[in-house]
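Take a look at the following structure, please.
Letters A, B, C, D and E name the chains as they come in the text, with residue numbers starting at 1 for each one.
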Amino acid sequence: MSRSPSGDRVALWRNPTFRAYVLQGVLLAALAALIGFIVVNTMANLEARGISTGFGFLDERAGFSIPQTLIEYSGDSTYGRTFVVGLLNTLLVSALGVVVATIIGFAVGIARLSPNWLLARLAGAYVEIFRNIPLLVQILFWYFAVLQALPSPRQSLSFLEIIFINVRGLVIPDPQPLSGFAATPWALLVGIVAAIALGIYAKRRQVRTGKALPIYWLGAGLIIGIPLVVFLLTGSPLEWSIPELTGFNFSGGVRVLPELVALWLALSIYTAAFIAEIVRSGIQSVPQGQVEAANALSLPGSITLRKVVIPQAMRVIVPQLTSQYLNLIKNSSLATAIGYPDLVAVFSGTTLNQTGQAIEIVAMTMAVYLTISLVVSALMNVYNARTLLKER
Amino acid sequence: ATLDDVKERGSLNCGVNVGLAGFSSPDSDGNWQGLDVETCRGIAAAIFGDPEKVEFTPLTAKERFTALQSGEIDVLSRNTTWTATRDNSLGLNFTVTTFYDGQGFMVDKDLGIESLEDLDGASICIQSGTTHELNLADYFPSRDIDINTVTFDTPDQTAQGFAHGRCDVLTSDTSQLSALRLQLPEPDSVEILETLISKEPLGPVVRQGDDQWLDIVQWSIFAMINAEEMGVNSDNVDEMRDNPPNPGVARLLGDDGNYGEQLGLSDDWAYNIIKGVGNYGEVFTATVGEDSPLGIKRGLNALWNEGGILYAPPIR
Amino acid sequence: MIEMKGLNKWYGDFHVLRDIDLTVKRGERIVVCGPSGSGKSTLIRCINHLESHQQGEIVVNGVAMTQDVKRIEQIRRNVGMVFQHFNLFPHLSVLENCCLSQIWVQKKPRAEVEKTAMEYLERVQIADQAYKYPGQLSGGQQQRVAIARALCMRPEVMLFDEPTSALDPEMIKEVLDVMVELAREGMTMLCVTHEMGFAKTVADRVIFMDQGQIIEEAPPETFFNNPRSERTKLFLSQILGH
Amino acid sequence: MAGESMRDEMIEARRPPNAHRGVLKWLQRNLFNGPINSVVSVVTLGVLVWALWPFVQWALIQADWLGDSRQACSGEGACWVFISARFESIIYGFYPEAARWRVDIVFALMAGLLAWLAIPKVPGKRWAAIIAVIGFPIAAYVLLLGGHFGLMHVSTRNWGGLMLTLTVATIGIVGSLPIGIVLALGRRSKMPLVRAVSVVFIEFWRGVPLITVLFMASVMLPLFVPTEVEFDKLLRALVGIMLFWSAYMAEVVRGGLQAIPGGQEEAGKALGLNYWQRMGLIVLPQALKLVIPGIVNTFIALFKDTSLVLIIGLFDLLAIIRAGLTDSDWLGFATEGYVFAALVFWVFCFSMSRYSQYIEKRLQTGHTN
Amino acid sequence: MIEMKGLNKWYGDFHVLRDIDLTVKRGERIVVCGPSGSGKSTLIRCINHLESHQQGEIVVNGVAMTQDVKRIEQIRRNVGMVFQHFNLFPHLSVLENCCLSQIWVQKKPRAEVEKTAMEYLERVQIADQAYKYPGQLSGGQQQRVAIARALCMRPEVMLFDEPTSALDPEMIKEVLDVMVELAREGMTMLCVTHEMGFAKTVADRVIFMDQGQIIEEAPPETFFNNPRSERTKLFLSQILGH
């Protein structure tokens, strides 16, 4: 190992390979020692304090209700189910937030570089305002601003008497699947698979023959068409529950909570300010020559942006964008401030209080966020790898 | 043992609420104030003879039990409801109820609500991390009343939600309702319903397995209640000690017997409490009662012989 | 084809083009040379409005240049440009680079576009690399792709801004060969270059610039063998010196 | 064949035509160039006025400014009396009144040092840096904590308000940057284990919410360490914050490192520089400059996240204002409190953002290839 | 001065240097040429261990190359290198670029270091630009700074990797002039270049490489006028052709 190409012996401690191994060995040992130390201590301390641990509490009856549940849930459900409900709510608002923040962020970031003075300044102001004010304050602002603007349930704004907007949220008709509906989701799945297969085929075909298929139209047709046909063939097994004002509130229909809207707005607008800065730096990293070349080809501005600038800026943008997505997801836990029932609110909030199993619950919460984050980074890394330039 | 740790450290670590009007909140100089806070000061006075030898650790609802379990604090005095689970399965012991509360409801006067049955279909604003959510889930479904809960993190956010019309009803401990009402733009437009749906006995908590420490906390509070019953207050305590009007006062203030020593404290422990923070009545009046903006009536928290249920074991 | 009259341009306070008058006829091949910083690039970049000028007129193929976006696009469609540093789009394959403008500007069907593109790629002898990415090609190959990309627009005029100076000596030849052939076919060309060999072979006229002005304008024989201005003589001695 | 021509007289450089000067011209060029832009401009200005006017009226025109109790509040506009009555605690937290001069000194020193370091014209940067890195932390430690040289000891429990926010933010920023740099270098190391450890560290800290980290640090830490060990709570939070944000910083720096061409390192090698010299003298200065926007993004996020120290029971600026809202004498002034907090945070973050943009411009040393 | 024996190097499975034997004596000036990808750069980069080889020996100035960090540093201190793309440090001024290695590697006092640096900058006739940043210089100037930077280490050997091929024709002359002068002063030089003029003027020997091997090794007169291998003839015809 320490033989050099020229054959003479090298002092062991000067050999870079040897050094590397020693350093790494020390690092590994230190890490193992630290983890061992923490584990041993925690065990001893838990023992000494007589604190019982375990995940048995997940099977106990929760006994409290949650205002927004994407799956069946009632006070009789278990804490385990509470966990799932909270998790789904977190995922919902995060997903919505990520989409909108990305859209606003790109728009503002691009606008900041616009030759239109007013637009550029407004975009700059947007960034400087929303980036520099604590998110909590912004969430509260949007929540109460949103609420303030809306009428009470009895004076609801209505659209065709089937959609209602009021201070309690947006109420829309709720589709109720009847028997036989189950075929439609399967058909949707088939449609998506078919569309992906078509995409792969089309790409191959294009490489081989140079001919392209209109894959977007065909794909959309497959994804929408197949389920639609199946839906109609099975006799349209769907019924709508129309909301109705009864007493205090609307019954029937699905309700979109104002908490969700406010949180979604606040998260999107706040994160978009950060994304805008990232997009700006990304675009500025694309060499000016690229835009000039596009101009020389007389490509219109929008095409230049979409086909030439943005794809190249993505290399710089994507890693930082990942961080912002993770931040958004984690920031969604500020939901507790306005009563949106996310994971932190219902699980490491209410459940923790009811059961007192802090260690387990905090550990589970951390694990969940960690998992979400790792999945997001993994996806973004895949995308990042695709944006990397093909070079020699 | 906890007492030794506390003595060695020279101060008591007491977990309190981050901010709850009347129970614990820091004033602009950082002096903690409120009923829960005075309880801690009383305990510190009993141990050290000095009510200021206490460090307050503000805790959120989520942290409170863990902080006590892990030893971050010696006693948790943070409007915590005494329930079987908490007492039995968390390795904790509740000591004495310092405040008898119950969950009540506040509604807009205009709605004309008279009983809880009228609340069918209503939205209810509630603060998370309390027993309130469980109480609602116990009470309404069993009576076939349909309600929607909207859960907030802190009391003032709950009040804001109610004020902005997010819900028809605000529910909380009655002690809180009066405070929350003051935060509304028009406090007179709402009313607090008579009906209470739960028992909420609030009191300090200690770790299980240290009986001496449990006794000290318990008896510090008993001393405050007994003092009120005997008419001993911070103004007259010196005089009472010098000329005890009766043997009960003499035992309380350490003129007779060695009750302090039995606890591991000095015999003038109760004197120190009353000298330092006053008797229960004084504390109540100043923090949540008539002399405070909250103006809560004594109600259940009056002495047993004055129409309430406050009843401390005798010192003898 | 191209007419410039009284063209003046400033960068801030710096007077970079001074009273330029130049007429290029259809099918003419012009080589522009001059010391570094003399405004050669700026001049040809004005022709497809990569730079805007402040005074004077430019008419390209009968279209007068104004600030109007439509007009500028119309002019650019007639003018192909090849940059010194190629400026290929690195995220697109060679073929896609060539198809881009036809698809988005001329809105032709993809199949047809790709056929045209392949033709031009063959013309520069690089059709076999069509599915590679620019980063996978050598400099000379990249520059040939850049030429093909510009040709795909079927421009009336081609502008070359030092198309060989970023290349290794061996690769220069590849590119010059292509340019010579284009010139033979009668393409109108304006070329900034120091390759005097090229100038001698194909140019109809050589233009020598210094300090933002056209100093001398002459057919190559006259220019190289019989330069009239002192400045030109000095410059030629340097270029041909080593 | 085309004509020949030659110029004998050189044309003198002239001044550019005076086309674009003056306020009106400026307005025309920037706001009203074309019908669409004009409409956009007018509508935007209109919306701005429409949206801001009620706020201005509430916050300034109808506001109450003077007084010392809630009786001074008329209820028509904002009642800033709430802020002024609690102003001292908003600044100093619960720091004992008698010792507040120490806080003043520390922050005056910090402001002075920052100015010294930040303003390019002031000479002696090397000394400023030495003082900032060695002298100032010691001075700040001694002054703020006390307990030496006859200064009264002030426990970190009493720290709070803006002073705590600034302290935590400063230490967080100063601590997370170097750790982040080391992690970023580690992630690009050739040694698999060093790289693996860096990756795991970064992904872990980037993946968990800071709230849970602080929760662990504040109430669960005693479970992890032997019972005798005690840490100051603030210290625990600081360590948590530093580790957490260093992971973000590492990713930002990594982006910068990736952008530096390999030739730079090779040139360093060819000059005989060793690894740390190459990194310290050549690669990092360039990489960090490139990612200033990202670093500042992180600083700003960190600065605002100091609010989470509430979890360890300390009252930062935002928390102390919220605590004020629960003072039974001052119930119901939430809006004033939040608006004021937003304003203070904004001022600090905006200054950082602006200064960084200025630095970005200054560090431009001609374009690179 | 430099001795290579049986040098072999692979990139993965690709055999890039094959059985290279080469001896360079003190004061010798050697030009390496060959087609693109033939391993020229790799060869000279092995000399200061920017690339590590897998078989064979390299001895530089009496020091045998091993994996040993100290040895590598010792060798690098004796070998200056000038890159094709200059690789100046853009965040440091010209003077600082030149001082860097003396201050940090040779640990000399700054005043002395700056004096030496200015001397070398004068030598390449660029002392007046000492306080500018590289980004503010023209390519030729940048490459001269790169040479000065390497010279400041007072190396025994200078390696040049196509030092002029990133330059505009006018700037090539500046750099070649400096190199010619260095050669006259007797510096040991290894230079990868296609500037045949340079090779003819100063080289003691020309080495022609192809496919990772040394094909031909000869004094310039023989090499240019009388190449022995077919490969060399083909190559020379291309290079000198246009």
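Operating definition for what follows: a residue touches a chain if its C-beta (ideal position, glycine included) is under 8 Å from a C-beta of that chain, and two chains touch if they have at least 3 such contacts.
These numbers come from a predicted model, not from an experiment.
Peer 1: In terms of touching chains, how many steps apart are chain A and chain B, taking the shortest path?
Peer 2: Shortest path length, in steps: 1.
Peer 1: Applying the touch definition from the top, give me the chains sitting in contact with each of chain B and chain C.
Peer 2: A, D
Peer 1: Quick check: more C-beta contact pairs in B-D or A-D?
Peer 2: By number of C-beta pairs in contact, A-D is the larger.
Peer 1: Greatest Cα-centroid separation from chain C: which chain?
Peer 2: For chain C, the chain whose C-alpha mean is farthest off is B.
Peer 1: Using the mean of all protein Cα atoms as the middle point, what chain has its own Cα mean nearest that point?
Peer 2: D
Peer 1: Farthest from chain E by Cα centre, which chain is it? Let me know.
Peer 2: Taking each chain's C-alpha mean as its centre, the farthest from chain E is B.
Peer 1: I'd like the Å distance between the centres of chain C and chain D, where a centre is the mean of that chain's Cα atoms.
Peer 2: 48
Peer 1: At what distance in angstrom does the C-alpha mean of chain E lie from that of chain A?
Peer 2: 53
Peer 1: Taking each chain's centre as the mean of its CA atoms, how far is chain C from chain E in angstrom?
Peer 2: Centre separation, chain C to chain E: 34 Å.
Peer 1: What parts of chain C, by residue number, touch at least two of the other chains?
Peer 2: Counting only residues that touch two or more other chains, chain C contributes none.
Peer 1: Counting only residues that touch at least two other chains, what does the list for chain B look like?
Peer 2: 62-63, 66, 70-71, 154, 160
Peer 1: Counting only residues that touch at least two other chains, what does the list for chain A look like?
Peer 2: Each of 45, 49, 140, 348, 358-359 in chain A touches at least two other chains.
Peer 1: For the complex, give me every residue of chain A touching chain D.
Peer 2: Chain A reaches chain D through residues 20, 23-24, 27-28, 31, 38, 41-42, 45-46, 48-49, 116-119, 122, 128-129, 131-137, 140-141, 274, 277-278, 280-281, 285, 316, 319-320, 322-323, 326-327, 330, 333, 344, 348, 358-359, 362, 365-366, 369-374, 377.
Peer 1: Could you list, by residue number, the parts of chain B that touch chain A in their complex?
Peer 2: The contact residues of chain B facing chain A are 61-63, 65-66, 69-71, 85-86, 89-91, 119-123, 125, 128-130, 133-134, 136-138, 141, 147-154, 157, 160-161, 164-168, 207-209.
Peer 1: What residues on chain A touch chain C, complex-wise?
Peer 2: Against chain C, the touching part of chain A is residues 207, 210-212, 287, 289-290, 292-300, 303, 307-308, 311-312, 387, 389-392.
Peer 1: For chain C, which residues are in contact with chain A within the complex?
Peer 2: By the definition above, chain C touches chain A via 48-50, 73, 76-77, 79-81, 83, 85, 87-92, 95, 100-101, 104-105, 110-111, 114-115, 118, 131-133, 135-136, 149-150, 153.
Peer 1: For a test of understanding, state which residues of chain D touch chain A in their complex under the given definition.
Peer 2: Contacts found on chain D: 29-31, 37, 40-41, 44, 190-194, 197, 203-204, 206-212, 215-216, 219-220, 222-227, 248, 251-252, 254-255, 259, 293-294, 297, 300-301, 304, 307, 318, 338, 341-342, 345-346, 348-350, 353.
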